[in-house]
């Protein structure tokens, strides 16, 4: 029953879970620090040296806050909302290849929890059901602003999913597989997909901003119009779950972008340095996380640079710019594949 | 109308070029600016450890000075209260008893002297009006509080203690002293 | 294990399906329907049809139900006391659903011969097998439906573009 493989998988799942939570936790700190630096401030620097204990202080604060459930809300769904948001945020990390194989005591273990043969579509499915946490929470709050935030979230996500899916289709056409493991392996060295699909990457990253509800597409929770958006009525750790889910989503989106377009765990000259396969794997994990951190930084960089879109601008961008562009990208990819195969 | 300066700029809704419509150059320009600011010098002053330097003539919380022997200089003449544009100062005068010569410099003294720090505008007119060199504004900040009536400062907070005299030499420069000696000026009389 | 999962998923699907039609609140109905869809997706995975399962979730649970939910929220149908429909309507609905049931049963009875002719293949639900079938045996219907969907997308884009005259 307890084969080494099973034990390794359990350890892997637990460590991914913990790493995800820790990174999400420190993303909140990074967000505040980066925002501060970009605005010529210092940011949180009181809790611990350079303020590195700030996320813990925030967590304690969240737990100690009074828990309010509105009297006229739908209580079951009100509690279900943040749980769903958190669950769907954590689900994607299952299929991301965090590294190639590692050799322990003579047997190979893959640093990927499971390799579905429909990998990319799984990512897509999880993002598409991610909207339910927001919608259910927003509706159950029984508050106009929450409801508007939820409706905005749903229509925004559906609209941008189309362009995202079309961008992924072009990528699948050029890689010829749906499995994230094979996509990663095919990009070994410096054959990253970004050089094959630059336009697709641009569409994908814009859509992932919209899918994670990050600025400039943070319409569902835009403070100036909707108070707090879908989480207006939430308090204490339920609010914390929503905010946390956003950061987990950002981490996962960065991981997916790195895997799909930036070579995943591959790095240039990985096979020319004469390293053992375990060393390459460990270096690959380091490189993957470096890429992920860069994209998390990129998400924050954009957030503190670009103002929020207006809602009609958001819809116009999604439907009249990104979707035609994505279809054009598919045609272009098809034409290139056709031309090179002949 | 004819413009008197050459600063006038005609703004209009100009049709954007194709490159401008892409918005990407503008976005990258903005990102370059924010990235530059990430490494620029920060303007924050970490307050308790690091204090902003006060101006030489900063006007903060008042002090009622004592003379060289440690007696209070204030004689409760009321000129500061009259001079105060915000009506923040009130006082009750009393006569000095025998044996209190080391406490009060002159025969009359202020038994109660109150400044309402919420009313005070820190203009420094009381300091100018004072003929006895008693009241001065210092570079101390009035601390915050939760209650409004905590801001009515009595003598307990205003009079300097013997152990820990407040330095007002910055306020009492040679020019100021010269100015105060000139009794021809109305408010020095 | 598989058998246990099958019974569990079937129970969830049937229970959720019953709740869809008995729940008073339309939003609850939609949420139960989503649960039913997930149970059915689980059945697909048990049949090793992973592609079908994930597309089922993307299209039905991820897109169409979100649309249902937002429409119900927008129309503010979340009242518990929906006025009852007339008996004629109820009868018509029952007859229509019954006919659908008869059709399904008839079709499923026909599949027994197919199962006998083509023994079980564990790769059948994989993307590769499915793609081969779609692009070899059913190329025309597949392309026609793809064109249909593409024209729907283009139609949506044209509707948004007011200045496109």
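Which chain is which? They are A, B and C, in the order written, and residues in each are numbered from 1.
By definition in this document, a contact is a pair of C-beta atoms (placed from the backbone, for glycine too) under 8 Å apart; a residue touches a chain by one contact, two chains touch by 3 or more.
Owing to the predicted nature of the structure, the values given are computational and were not obtained by experimental measurement.
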item	value
Contact graph of the chains (line, ring, star, complete, other)	line
Which of A-C and A-B has more C-beta contact pairs	A-C
Computed distance of Cα centres, chain C from chain B, in Å	74
Inter-chain centre distance, chain A versus chain B - centres from mean C-alpha coordinates, in Å	52
Whole-Å gap between the CA centroids of chain A and chain C	28
Multi-chain contact residues (two or more partners), chain A	none
Where chain B touches two or more other chains, by residue	none
Footprint of chain A on chain B - complex, ascending	27, 30-31, 33-35, 37-44, 46
Footprint of chain B on chain A - complex, ascending	34, 37-42, 45, 301-302, 304-306
Of all residues in chain A, those that touch chain C in their complex	77, 116-118, 121-122, 124-125, 128-129, 131-132, 135-136, 139, 147, 150-151, 154-155, 157-158, 161-162, 178, 315-316, 319-320, 323-324, 327
Partner chain A, residues of chain C touching it in the complex	27, 31, 34, 50-51, 54-55, 57-58, 61-63, 66-67, 69-70, 73-74, 78, 126-128, 150, 153, 156-157, 160-161
